[in-house]
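You will see two complexes here that share chain A, one where it goes with chain B and one where it goes with chain C.
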Partner chain A sequence: MNEITIQNVTKSYGSVLALDDVSLSFSENHIYGLLGRNGAGKSTLLNLITGRQFADSGNIRVDGQYAPENPEAQRKIFMMSEKNLYPTSMKVAEAFRWTSRFYPEFDRDLSASLSSRFGLDPKKKIKSLSTGYASIFKLITAVATRAPYIFLDEPVLGLDANHRDLFYRSLIEQYSENPRTYIISTHLIEEAANVIDQVIIIKNGRLLKDESRDDLLRQGYTISGPAASVDAYAAGRNILGSDTLGGLKTAYLLGECDASALPSGIEISHLDLQHLFIQLTNA
Partner chain B sequence: MTREFADDKPIFVQIAERIEDCILSGAFTEESQIPSTTEIAVSDKINPATALKGINLLVEEGIVYKRRGLGMFVSTGAVRKVKDKRKEQFYDRYIIGLAEEAKKLSLTKEEVMALVERGYQR
Partner chain C sequence: MFIKPILRYQAREYSRPFISFFLVYSFIIGLIVLSQRLSPQDSSGNVNFVEIGSVILVFVCGIVSFRESFKFLSQNGITRKQFFVARLCSMALLSVVTSLFDLGLVAIGRIILPSAEDISLSKIFDTAYTPFWNGGNTLIRSAVYFLLLILGHLLFISLGFVIGIAYYRMNRIVKIIVSIGVPLLLFYGLPILDFVFLNGVIFRTLGNILIAAFGFSLPVPNPFIAILSLFGSTIVFFGLAWAMVRRVPVKE
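Let's turn to the complex of A and B:
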């Protein structure tokens, strides 16, 4: 079975419970969005999978193999994180060469062509790169490894709008040509929303949602109109939250929209992923 | 054909409708090739599965078809098919909203008809 499975994983730092009995899986050839507010436990989860930290209890497997401290399992994973783990005096080209020793599938042509598309000079030292280019360097490395599971933790940090655009296009192009599993953890949900097809939401160390983006989006909607009408419809339904603007009220609801029960004068619209996320993870 | 997506409709439906628009406008003529799933996905920054789902909607309706090893092509008769379909949807998509807005503004039916007339004269 080609997937990463996480079973009943718990991790605490002192008295702080970072992950609380989390079970989920990342299956082959999907683009996952791993979403959560700051401190929700996303990075902890990624660190546990990649063996940078160890779980207190639970089980993590990659394609059926126990993952922590298992080089064979870890070779199937590449994680790009905020931290730069390369020696800073290393040049970009050297870092690509170096990575290719650990990842036999590393595509040198791809790293060269992406570098030129992004305007990354391979002769530059990693420490001399700006925040944006440091991210670009790490992204190119990640994509070029051709690892079956590629984790991108805040991939677009410091990238300008043009480079973010180019990044997502390059990612989709690579994914189309060489399908594999990407797990993108980001706070910039709007930009990633159409790219991902699976959504995992972690809230306070617990798994809140784990489903396809389309299924998740079908569950949420908003209604807005005169406060009294909105309240009348919303009563007894699963209300995520609401906003009022003078006499106008907007309610965010979870569940099927019952169009026949909607009073006139009420506008109904879909919740996009970012708004649904905000409503689900507020408070 | 890149465009921002409205939030009301699933993206795959919007992809299908945009291809239909291109067929209606003559940008994609009958028996010509339409962009590939990858081209659409990259240009719109959407998941390739979403682009495929959009194209598959059109395959099911016989508006486009697959030539093995070559790609997707506009069917002969696709223009008529799209027009027939859009005509059927015309009431739901435009007339209901138009009537609702007109009532909100207390426009009479006669006033609305006059406006329709004016629209045609443009």
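Let's turn to the complex of A and C:
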């Protein structure tokens, strides 16, 4: 089966447990949002899959093949890292050329057209690029590889609003034309929410949620009104958090929303992904 | 094993320093030789051990062979094993090319300076093992000399490689301690300890080991012992390098 499977993976750095017995899978042709607070273990997870680091225990497979140090498995993955791993003297065009030798499916025309759309000068040295353009360069490289699994770790770091918009549109375009698995690890959840169809949330190194965006969003809702009424309704339900202002209270709940049982004076609304994430990871 | 593009990338990494070295070193050696040749006062000077230049080059190449290359290739899904195998090949290639350069330099020097008595461009190994080859086959002698050159270069490049990987693995504090501590220990601590307290035993022993390893302890120095020693030491260094590389994390 075409998927990346992670089974019981644990990784620690000294006394810090970065990933704790994590099991999940990334199926083909989905756009995943890998979400978590700073230090939750997102980058560690991606680094373990790409073999940049080794797990203390557990098993990682790509399309059924054991992934670490397996050339065949690794050639199916391209990871755009937040940090720059390119040589200091290398130019953008050179990087495209070399990447095309390691990823034979690399689309040179696509890299050229995206460079032109984003205004990236291929003659520039990578180290001379601004943070935003360095991200653009890495994004274009990642998308153009046409690898079956593309990991984007903080893809829009330093990008202005226009470039972020262009990136999301380009991503959707590419995904429509050539479906593959994208795994986007980001803190800009609000923007990414429109692109992703699967959500994975990691909290303190443990898997908190792994489901489709729509299913997850259906479960999160807010009720607000007089504190006593809100408390009465929320009693016995899965409360993620609450805010109180004077006599008014807002409670964030997770689970099936039964609007017909709402007492009068209480308003109900669904949580967006960012607010749901905040409540889930604050809880 | 998908080695070709990796080897190509790594060979390209070496091409720039080699071309710079080729131009600068040829110019310097040429200048020295010609100045001695043209000088009416002194035409009996020597330009000995021209191989030293390429040995320094390969040693430095060995040191810088890891960090950038490993990171870039990891970015492109290359495994440690692929990286290492390609690195062995690219280092062997560099050793052959620099050895050919040394041979060429000596050959050109001899064309420019037909009289070896006036000014000689001597070769480290050739000079040392002249008695062994007395009356021997010139072709075999040249082949052995070439092999010695290649292995000599491989030894230094592998030593540099080990140092480069060791530095990559160290954290900043250890790097500082090693950078200051090792030279201090080697150039001050050890000699003082040896000569003041041990009556020179350490350096005498090291000297004896080197003499034996290069076959100089025999009545007629034997180059084949040197070949074995160089080959063995290179294998040890590459083995050490692999032990350090096989689980090394990609540092971001």
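As a working rule, the second predicted complex is superposed on the first by the 282 of 283 C-alpha atoms of A that agree within 3 Å, B and C clash if a C-alpha of one lies under 4 Å from a C-alpha of the other, contacts with A are read in each partner's own complex, and residues count from 1 in each chain.
Just so it is clear, a contact is a pair of C-beta atoms (placed from the backbone, for glycine too) under 8 Å apart; a residue touches a chain by one contact, two chains touch by 3 or more.
Note that the structure is a prediction, hence the values are computed from the model and not measured.
Colleague: In the overlaid three-chain picture, which partner chain does A:W98 touch, first (chain B) or second (chain C), both, or neither?
Modeller: Only chain C; A:W98 stays clear of chain B.
Colleague: Of the partners chain B and chain C, which touch A:I172 in the superposed model: first, second, both, neither?
Modeller: first
Colleague: When the two structures are overlaid on chain A, which partner does A:R52 contact: first (chain B), second (chain C), both, or neither?
Modeller: The answer is second: A:R52 touches chain C but not chain B.
Colleague: Is A:Q7 touching anything from chain B or chain C once the two structures are fitted on A? First, second, both or neither.
Modeller: neither
Colleague: Determine, under the contact definition given at the top, whether A:L85 touches first (chain B), second (chain C), both, or neither.
Modeller: second
Colleague: Specify the partner with more touching residues on chain A, choosing between chain B and chain C.
Modeller: Tallying touched residues of chain A, the top partner is C.
Colleague: Could you tell me if A:V195 is touching chain B, chain C, both of them or neither one (first, second, both, neither)?
Modeller: Touch status of A:V195: first partner only.
Colleague: Touching A:R75 in the superposition: chain B (first), chain C (second), both, neither?
Modeller: second
Colleague: Could you pull out which chain A residues touch chain B in their complex?
Modeller: Residue list for chain A touching chain B: 31, 165, 168-169, 172-173, 175-177, 191, 194-197, 214, 217, 269-270, 272.
Colleague: In the complex, go through chain B and note every residue touching chain A.
Modeller: 5, 7-8, 10-11, 37-38, 41-50
Colleague: How about chain C: which of its residues touch chain A in the complex?
Modeller: Listed in rising order, the residues of chain C that touch chain A are 1-2, 5-6, 8-9, 68-69, 71-82, 247, 249-250, 252.
Colleague: Sort out for me which residues of chain A touch chain C in the complex.
Modeller: Contact set of chain A toward chain C: 47, 50-54, 69-71, 74-75, 77-79, 81-83, 85-88, 90, 98-99, 101-103, 147.
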